[in-house]
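To keep things clear, I will list the structure first and then write my remarks on it.
Here the chain labels run A, B, C, D, E, F, G, H, I and J in written order, and each chain numbers its own residues starting at 1.
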Amino acid sequence: MNMTKTSTDAPLSKADATALILAAKAAHGLTWEAIAEGIGMSPVWTTSAALGMNSMPLEKAQALVALLDLPAAVVPALVAFPTKVWDQAVPTDPAIYRLYEIVGVYGETLKEIIQEKFGDGIMSAIDFTMHVDKVEDPKGDRVKITMNGKFLPYKAW
Amino acid sequence: MNMTKTSTDAPLSKADATALILAAKAAHGLTWEAIAEGIGMSPVWTTSAALGMNSMPLEKAQALVALLDLPAAVVPALVAFPTKVWDQAVPTDPAIYRLYEIVGVYGETLKEIIQEKFGDGIMSAIDFTMHVDKVEDPKGDRVKITMNGKFLPYKAW
Amino acid sequence: MNMTKTSTDAPLSKADATALILAAKAAHGLTWEAIAEGIGMSPVWTTSAALGMNSMPLEKAQALVALLDLPAAVVPALVAFPTKVWDQAVPTDPAIYRLYEIVGVYGETLKEIIQEKFGDGIMSAIDFTMHVDKVEDPKGDRVKITMNGKFLPYKAW
Amino acid sequence: MNMTKTSTDAPLSKADATALILAAKAAHGLTWEAIAEGIGMSPVWTTSAALGMNSMPLEKAQALVALLDLPAAVVPALVAFPTKVWDQAVPTDPAIYRLYEIVGVYGETLKEIIQEKFGDGIMSAIDFTMHVDKVEDPKGDRVKITMNGKFLPYKAW
Amino acid sequence: MNMTKTSTDAPLSKADATALILAAKAAHGLTWEAIAEGIGMSPVWTTSAALGMNSMPLEKAQALVALLDLPAAVVPALVAFPTKVWDQAVPTDPAIYRLYEIVGVYGETLKEIIQEKFGDGIMSAIDFTMHVDKVEDPKGDRVKITMNGKFLPYKAW
Amino acid sequence: MNMTKTSTDAPLSKADATALILAAKAAHGLTWEAIAEGIGMSPVWTTSAALGMNSMPLEKAQALVALLDLPAAVVPALVAFPTKVWDQAVPTDPAIYRLYEIVGVYGETLKEIIQEKFGDGIMSAIDFTMHVDKVEDPKGDRVKITMNGKFLPYKAW
Amino acid sequence: MNMTKTSTDAPLSKADATALILAAKAAHGLTWEAIAEGIGMSPVWTTSAALGMNSMPLEKAQALVALLDLPAAVVPALVAFPTKVWDQAVPTDPAIYRLYEIVGVYGETLKEIIQEKFGDGIMSAIDFTMHVDKVEDPKGDRVKITMNGKFLPYKAW
Amino acid sequence: MNMTKTSTDAPLSKADATALILAAKAAHGLTWEAIAEGIGMSPVWTTSAALGMNSMPLEKAQALVALLDLPAAVVPALVAFPTKVWDQAVPTDPAIYRLYEIVGVYGETLKEIIQEKFGDGIMSAIDFTMHVDKVEDPKGDRVKITMNGKFLPYKAW
Amino acid sequence: MNMTKTSTDAPLSKADATALILAAKAAHGLTWEAIAEGIGMSPVWTTSAALGMNSMPLEKAQALVALLDLPAAVVPALVAFPTKVWDQAVPTDPAIYRLYEIVGVYGETLKEIIQEKFGDGIMSAIDFTMHVDKVEDPKGDRVKITMNGKFLPYKAW
Amino acid sequence: MNMTKTSTDAPLSKADATALILAAKAAHGLTWEAIAEGIGMSPVWTTSAALGMNSMPLEKAQALVALLDLPAAVVPALVAFPTKVWDQAVPTDPAIYRLYEIVGVYGETLKEIIQEKFGDGIMSAIDFTMHVDKVEDPKGDRVKITMNGKFLPYKAW
């Protein structure tokens, strides 16, 4: 749909916005951490919204566009509600596969522990936050991922 | 392989051991948390080993068998190195699916953040620990999952 | 695991409980509607718990066991938290496939309408109820399914 | 097939029509609800037809084109009978996945309840309507989805 | 569930009923055509119900049981509403694959022709009958399959 | 491969030919039935050849090109032997899915009936014809599909 | 269905017959080639029928049962028309995978060559024979597989 | 990558080469058999190399380019070592599916016969040749495919 | 097929033999390395044959049976030619998945390097040996896997 | 995204870099071995980085660009951390499939041997090197692949 892109009022897709953000991020030599700090949000959420997997409130989208000197058309693309799609039922990239493997190996364990502590229900993936920290260690630094999701009990009716 | 089971010295499979542990856990009215405390290990690891997804060091297996009054044949089954198999590439149980969904939605984000902090590489799922905590909240309690894995940089040669 | 079943204190699985409920339902000539009324719950929830897809609070499980003259061992099986598994990514039974088809045909439409009314987020399938009604119609009776799920907004952090 | 598009009499595809409708909807700042009201149809059906999953009767297509100031070539694209295709046997977007999960968890239950009320048969997904309502609730607003499909009994011959 | 089967009042499954019918059919040396004639129904429907893919009205189930000298417990199994499951998304048996191939090769053609004749809609697979005839031909006999399904128009609302 | 298309002697693909036929059919306001009559063949076969799923004998391709005022380059595309490809192992469009469902539900039944009448073998999908008729019915018109395929017995050697 | 097997007149399945043939073949120390010669048929066809993938004419089944001293109940199992099922869309055994690979690598080539020689159509896999020969070669013996299937032209109607 | 193609020294892909060969073959009115004869190789191998599934020795590639008046850039594309990819695990075109079906139905049989004649091992698909012949037959011509592959015994070490 | 197993001369399957070997290995407290040394073969090949993925020459099978005091019926099971089946197209156990990942990440690289060194062809997986060594390293011991397979050039004919 | 490419500061993708490297490698008539030597790294690693499956340290990327006379924009593309994706869960190219087959046939064996030598854990695919050698042999040259990965023991916590 090159036709659409060259027209003056064509809306930008989230993928277009992501490409522009990645280019500007490289041009400015900024990290995700710095960008997140620049708009006053967390790095995980900021990155996910920049990659098109979350929608930004208007003022955060405007802040990001200002920070990275992006065209104004990026704002509505960041604000739009995303359709979250991933292509590979089993991811291949090793960094992502390890997370998938953790779900496979520890999924039933987490279900047992969560339901023992809270009753029958789930940890929400919507009312949910996540942070990544670097834990320095002389035997090799460690990645610390902290997930925090609301517990939702099953309803009986 | 009923033949094997009825013979006096047939080894117990990990699945057999899990079934016996679950029955004894229910009979003793114990939680995973109490069992883990009883053998001096964390709840997540203890549960995963009891469900057959990790091998127990001999003394921990013996402690578990003593704690739950299990037959001695359970010890080698717990000590055996597991073959980790999960049947569903995409899990269906909602409590486990939400974890899978988090990998799908945030996988690329985590890769970006981890690699920005550490360089090209992955978080190990082997040199890895995990804990689950309950965060009380008047608007609804929250599940906190903390993962901690060694960063492994890719090698060039 | 016949060994377990023949032992006197072996726990009943949810599948065992379902089989016993279906046999008793047929023997008593009861409908799901009557069973649900007998335990003071809705038909959809009662049936789903009887089929092993939801857990029953203790008093409801006891009421069901009393109503259908089932052995006491059915109670803990009904109370247990289920692991929800379905075998077919695409269901084949026509009555179930039509529901799957509705998700395929109208899934994006529902997302558009829900997010237009509520903002970015989802309808919960956990904090969720459902009812089925018969709408009589001279041109052919109609099935009315009403779903009611809490709206969960995505969080920014 | 850009060649076709630039020619004067090339027919517009349903995907082209959808893109034009979405752009015009954004430009006019209209909701699906307002558009539906503007052509005198329901929001769910109107949205599904605009997204290419249903065909519009001629006068409704003309009304939509008038309402949104679209080119006349959109009319035949809206009137055309669609081939309904979805790419993912298991949808990934959380808002759509929850609907899929409801089919997985409650599919057999719905079959039991429907067939108990009506006899052996199915709820049609063709002679079918659907509405979405917002139910305000101080503990969090709720989504109400109402489906209404003709019951079709299996034939014996 | 051998336990259930050996108990005196255990219900027979549709698969059990099918096995008993096939054995009795072989023992009596009857064809499906003769059985169908014996109960006053068509061969296709009779066979599909005997194979567990349709439910029989009570009097037809009783007639079949009488005709084949089957135990009375077969009657409720034949009357039960089936859950229709097939294991292979793409069938392997050549006689069944050729039918699948016809759907693949001619599916879009049939959709074009049906919708041209009737408008947007489908041929019902529920309000549906089917017959198989042998057409003798000196160059090799031919199989004639006649399907007859109600046309269901899509609804706009 | 736009390069190829703009060159004077580039061959047209079957997909190109289909697109031209569909545009011309719409421009002339012709039905498949009328087109089939115009070239003296059946509607099902004519449509399948126009959609690229069968090859046309030279004189029929010429007749079609004449009837629809198509460029001469369409002739060799229609005459070419097709490679028959369908993308979805399980079709999603409801009109085509119902046919797939019939194969799933009645496949074993058809195999039983055909092999009872003819011996071990299959109905050919190659030496095969098919027709679609409209059966008017006050309770709702019905679609009649008649398939006719040569019986091929398995060979022993 | 142990119940059925222990009854005196229970029919033997094809899988049961195969197991008995393999045991008797080993006990008699016979090759497939010798068995085929003993019943006057080819080795490939005889083996496929013994493995349950083809049905035997009555006199050949009786000859096989006599040759291998099998119980009479094997005869109807060999005569029964098989339902041909294979579990793996992509076979894993290397000897079978290589044949699958040949179809993948040379499938389009064979289609081109066959259709160039015969016109649009296929080689039948039903009216079909196959032989395997050993070609001795000082550089390593070679396997020669010869397939012979009737050409079936597509029909136009 | 049109950019690449228009540059003077851009390498041609195998797919580009195939397209040029097919166009030249049609323009010259040559059969695969004639082309194969023209370069002194077999039709099956020549076709597979022209379709991009085998690499040509330099002199054969030059002979083919001379025979069909192709640009010199086709030579390195024909000489390049191919990466053999097929998209459909189960092919849909009937002419290719029948070959797949033969592997499914007769795969285990061929393994039995080959291993009986040669010992444990496989027929190579690399050190392999294949020919197709037309066998005229008044009851319908027949396709004869002859495969010849080196037997490779498994190694013990 | 319990029936077969309880008969006195029923052949042992490879899976039965593996179970007996694993039990005897544990009872004797032997490693695979010691067992391999005991029969004069390599550990990798010995283990693969014991796990049912290779056939043993008669004298090696007899040596293994003698070494582990196994019943004589294990010998023919070890000698039998295996059908190599694996259930998971993508393995889940982390130790095996890492090997799969290496094929995914480095497969094209290995193809490039091998074909650069040898010409167009493959490394045989049949005429193939493999060894595993432990490389001690103060920063953490390392696994060394050495594969050695015959290069097979593609044939032109 | 031709638009991007023609702009002066658009970043090059890894796929673009690979295409440029392959063209320059052909133009210079260099082997992977020579290129690897030219930048002082191993052939396997160099090839995998050139194919986009590993990231290059800056000085190696600069050396490669200098060696092959590539534009400077190739440097950041080589330095970027790759997302490793492969499209086929089961590879089809015979040279790559054989490696996959080795994982299928010998995966459990390797797990047994590695875990016997090292304890419960895995061979890392990240802290990993690999080499390919040609072993000359009068009976046919052999490919030798040597993998070397750090052993990672599972952690208990």
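Assume contacts are C-beta pairs under 8 Å (C-beta built on N, C-alpha and C of every residue); 3 or more make two chains touch, one makes a residue touch a chain.
Computed from a predicted model, the values in this text were never measured in an experiment.
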Discussion item. Tell me which has more C-beta contacts between its two chains, A-C or A-D.
Written reply: A-C
Item to complete: Name whichever of H-I, I-J or B-I reuses the G-H interface, so over half of the contact pairs are the same residue numbers.
Response: I-J
Response to the item:
Chain centres from averaged Cα atoms put chain D and chain G apart, in whole Å, by 50
Discussion item. As a quick test, compute the distance in whole Å between the mean CA positions of chain C and chain D.
Written reply: 26
Discussion item. Using Cα averages as centroids, what's the distance between chain F and chain J in whole Å?
Written reply: 47
Worksheet item: At which residue positions does chain I touch at least two other chains?
Response: 44, 83-84, 86, 89-90, 92-94, 101, 104-105, 108, 111, 115, 121-122, 124-126, 128, 152
Worksheet entry | Of all residues in chain F, those that touch chain C in their complex | 90, 92, 94, 97, 101, 104-105
Worksheet entry | Residues of chain A that touch chain C when the two form their complex | 41-42, 44-45, 49, 54-57, 60, 81-83, 108, 111, 115, 119-122, 124, 126-129, 152-157
Fill in: Interface residues, chain C side, partner chain B - complex
1-4, 9-11, 76, 83-86, 89, 125-126
Worksheet, complete the sentence: Per the touch rule, the chain J residues reaching chain H in their complex are 2, 5, 19, 22-23, 26-27, 88, 90, 92-94
Item to complete: Spell out the part of chain A that touches chain B in their complex, as residue ranges.
Response: 31-33, 43-44, 47-48, 51, 53, 84, 86, 89-91, 93-96, 98-118, 121-125, 128, 130, 132, 134-135, 137, 139-152
